Amino acid sequence: MLRYLNGGESHGKMLLAILEGMPSGVPLTEAVVNLDLARRQKGYGRGGRMKIEQDRVEFVSGVRKGFTLGSPIGLQIANKDWKNWQEIMAADHGDPATQRVVTKPRPGHADLVGAIKYDHTDIRNVLEKASARETAIRVAVGAVARVLLSQFGMIIVSHVREIGGIQAETSRLSLEQIREAAEASEVRCADAPAAGKMVEKIREAKDKGDTLGGVFEVIVDNVPIGLGSYSQWDRRLGARLAFALMSIQAMKGVEIGMGFEAARRFRSEVHDEIFHDDARG
Amino acid sequence: MLRYLNGGESHGKMLLAILEGMPSGVPLTEAVVNLDLARRQKGYGRGGRMKIEQDRVEFVSGVRKGFTLGSPIGLQIANKDWKNWQEIMAADHGDPATQRVVTKPRPGHADLVGAIKYDHTDIRNVLEKASARETAIRVAVGAVARVLLSQFGMIIVSHVREIGGIQAETSRLSLEQIREAAEASEVRCADAPAAGKMVEKIREAKDKGDTLGGVFEVIVDNVPIGLGSYSQWDRRLGARLAFALMSIQAMKGVEIGMGFEAARRFRSEVHDEIFHDDARG
Amino acid sequence: MLRYLNGGESHGKMLLAILEGMPSGVPLTEAVVNLDLARRQKGYGRGGRMKIEQDRVEFVSGVRKGFTLGSPIGLQIANKDWKNWQEIMAADHGDPATQRVVTKPRPGHADLVGAIKYDHTDIRNVLEKASARETAIRVAVGAVARVLLSQFGMIIVSHVREIGGIQAETSRLSLEQIREAAEASEVRCADAPAAGKMVEKIREAKDKGDTLGGVFEVIVDNVPIGLGSYSQWDRRLGARLAFALMSIQAMKGVEIGMGFEAARRFRSEVHDEIFHDDARG
Amino acid sequence: MLRYLNGGESHGKMLLAILEGMPSGVPLTEAVVNLDLARRQKGYGRGGRMKIEQDRVEFVSGVRKGFTLGSPIGLQIANKDWKNWQEIMAADHGDPATQRVVTKPRPGHADLVGAIKYDHTDIRNVLEKASARETAIRVAVGAVARVLLSQFGMIIVSHVREIGGIQAETSRLSLEQIREAAEASEVRCADAPAAGKMVEKIREAKDKGDTLGGVFEVIVDNVPIGLGSYSQWDRRLGARLAFALMSIQAMKGVEIGMGFEAARRFRSEVHDEIFHDDARG
């Protein structure tokens, strides 16, 4: 069973993770992971931070000569901006004047709750780890997991379904067509006309000093039969996927198969039941 | 930290669970848990099984003289129908003719996948544990957890928001009004006119030999600041709640706060951000 | 991976456990487990409790027609003495006069520490779960695990090496000889003359109102290569075995291979290195 | 609850660990950890590797301005010898001639078993992680844990009790005397005459191309009442300590309190019962 821990402050020296439980002998290179890191940084209307950092992973353990060893994989992503922050974020005592203290909590963030929970007067001590910059190292870990799954023929494709209420129509596209079209789109949307409207909507938000939410879909093909189990609540595949997805910053919902739409139909109209680890006795 | 395991076949002798990590000295009676078990069995249009079983919990460990001991709480719910199944479901070898074998897998259930994964030729060996009858013992465990939370003033109210596409309108009701109205409704819906239409829709489904999906909402009040943490992916409160909810049989989606609706709006229009364990750095 | 939780007060209705992760299709009967439970109750000079209880397991889930289902195995051992304790140990409120309160903590037991930790004024609330009676249900869980291991040809033999300073000499016996001789001995010691002296020593202790410690050895044969791993501290086989063994009441030490004896020799004289999950780089 | 993962090959770029669950606001500096790392490298008769590496920790996350943040602590120890190994141990493909292949498994190490388990033809792929060099990063993690414990007044002292059969006599020394004497000894033995004999014995082993085992004692003072619990097997303090200790490379035994000596006495003669999380009901 794979497990991992990650660490790293947003303006610290690096993001890091240790991934344990990876089998040995799996072909793995930093280049493969860097592809996913680059994909993460694309997107119309991203914040300034995205332009500063051009993330590249380094394997510091667990991989040798292009293959996994079976030992824990240490992953690091250096923060390029570190030279400007090393005094402010130093582990050791130093000039308190260099603290760049944050005292105003932002709504919708972990700022206030984190400051109370961990008893911090400088909110920077909260936002540095709570930051969605963490997702860079998670993408790296996920890219390694994807390599493992690909050994079994599993294919994972994701694309943007909706931004600011504008919905993509992809029901007539094949998995490969979705993958290619999303890859080519600056908002990772496989429906080009919808993508154009999304960009417009983002521009509108930007002009107002606002931001927008969205919906993405992850499609996994060639899943072997029998992942997960009904034998105990915490082994159910759908539950574990929801656990992982809802742990991403700013995620507010997750659906599997037809999701909430299934709740609006007769059972006989629900056709795309993907997960079968449940039953109504 | 609370943890539990549950077991028990749908037509076995009993459902059982062991709940570990409960503090000592918490007032706890079987009667309190039985209230939640009774609520689980209400509902218009339930299957025949619901009428056979009138679930009552028995604490076989961890509770004494009305208080928790700090030791593991053993919970049992006897299956009233056991007398008719004890030969069929016997643990020991016996007359193979009594097996009551199931060979036709039902779509949308764990039947086929489970039979392949666990190498069963009798699908009964799958459906007995995969069955949603398991939720009875989960409700019992949850009722104990609710008693713990109530010691901190936390109040949990749930009600049905939607069945078969018919939506309840409860935005002008207080938490207490929702609770009372849902409790009085045969479909646990706090909007009486909507509830009437839901009953009608269920009747329609029944007549067609069909079933319907639905949506329920869980509202938790008086949550103390600082549950969960942004410090590691698996400690985020939203993720843990989604994990638990999506582990329930037949659940296809979960939302927190405004959920998917938030994805359709400008950030400035999203008002009910409840969870703050995230940030966009 | 197997995991389990157990519960049950020493004078409660029953001891119980849920064992999760057992593969399906493994032949398993209560009779096999009862053999190990009977073996646990043998022994010269046992306390009075041992005579009251004649432990027999009941599988209440996870086993059907003599085979495991892959679902959680629920195990129960009824406490025969329950009829005399049901009012004293009742889960529900009742006559406080029936409490049979314990207020004098015994040295060398969890009594005092447990009462402070869990804030109990009646020490019975501690000793009931801390009691070594718990080992009955652990033996039952272990017997199931042993059945699984036996499917891979693994054989587990245990015997008493030492009681009250009297040591058994078994170096010239085969595994099968040790097993047979231990089984025939009333102190489970494979060296008959030593066993005789042990019985004498126990009688001496009894006469003084005292008790004695001892040492037992567990030998596992036919272990497949590659159990455990050096890849992370908590996956090392020796560590996991020590974890399990030292969790038994009153255990004060554990050795693997030559154990402490190896510390007294040159490396070249240490011959029976059994565990190889370590290295000195 | 603290948890950690570690990684790093013995001749890789670094050893690393992520420690999660540390409270915020605990004073912590690299200097404190480096003291323990330096202590680890002392000792008469150490291997050549010890002279190459002078381990120093770097906190790459979780610590700021001398205090913990509550976020995961990333620890790294650079391998000084890396410049000579970076081609041999490179993560990426490269000249296969640089592999420095190991094909002869050493007895008493993980070499053979690891090569079979992980399907390696180059045993270097096993020994690099199995190596006891890993203990450097474990010492660093332990030093951080010790700082946390010290906030509650807990004091941890360790000293060598035995090397190659020569035993130290320290029964009349205070904890502080043991600490000081061990600190001053080149074999960390608080009994100076015994220490002299140990050095001699090590020299003898060295001359023969052999090595020696030994025994050390860890004494913890000011332990608060109620750590661990009898409530479940895996929460017992003695079991958890044994788990951690036996996970160290080359450990073959662990005792608590009087240990095996207690097994040789009447219960009334056992005086130093330290752990009370058990009971004989």
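Should a chain be cited, it is by its letter among A, B, C and D, assigned in written order, with residues numbered from 1 in that chain.
Criterion: a residue touches a chain if its C-beta (ideal position, glycine included) is under 8 Å from a C-beta of that chain, and two chains touch if they have at least 3 such contacts.
This one's a predicted model, so the numbers in the text were calculated from it and none came from an experiment.
Of the two chain pairs shown, A-D and B-D, the one joined by more C-beta contacts is A-D.
Chain B and chain C touch with mostly matching residues; of the residue numbers seen at this interface, over half occur in both copies.
Each chain gets a centre from the mean of its Cα atoms; the one farthest from the centre of chain C is A.
For the pair chain A and chain B, the distance between C-alpha centroids works out to 29 Å. We define each chain's centre as the mean of its Cα atoms; on that basis chain A and chain D are separated by 36 Å. Averaged C-alpha coordinates give centres for chain B and chain D that are 46 Å from one another. In chain B, 5-6, 20, 70-72, 117, 128-129, 229, 231-232 are the positions where the chain touches two or more neighbouring chains simultaneously.
Across the complex, chain B is touched by residues 3-9, 12-14, 16-18, 20, 23-25, 29-30, 58-66, 69-74, 89-94, 96, 99, 117-120, 125, 128-129 of chain C. Put simply, chain C touches chain D in their complex at residues 5-6, 10, 47, 49, 106-114, 116-117, 126-133, 138, 162-165, 205, 208, 210-215, 225-226, 229-234, 236, 238-247, 249-260, 262-268, 270, 273, 276-281. Of all the residues in chain A, the ones that touch chain C in their complex are 1, 20-21, 70-72, 229-232.
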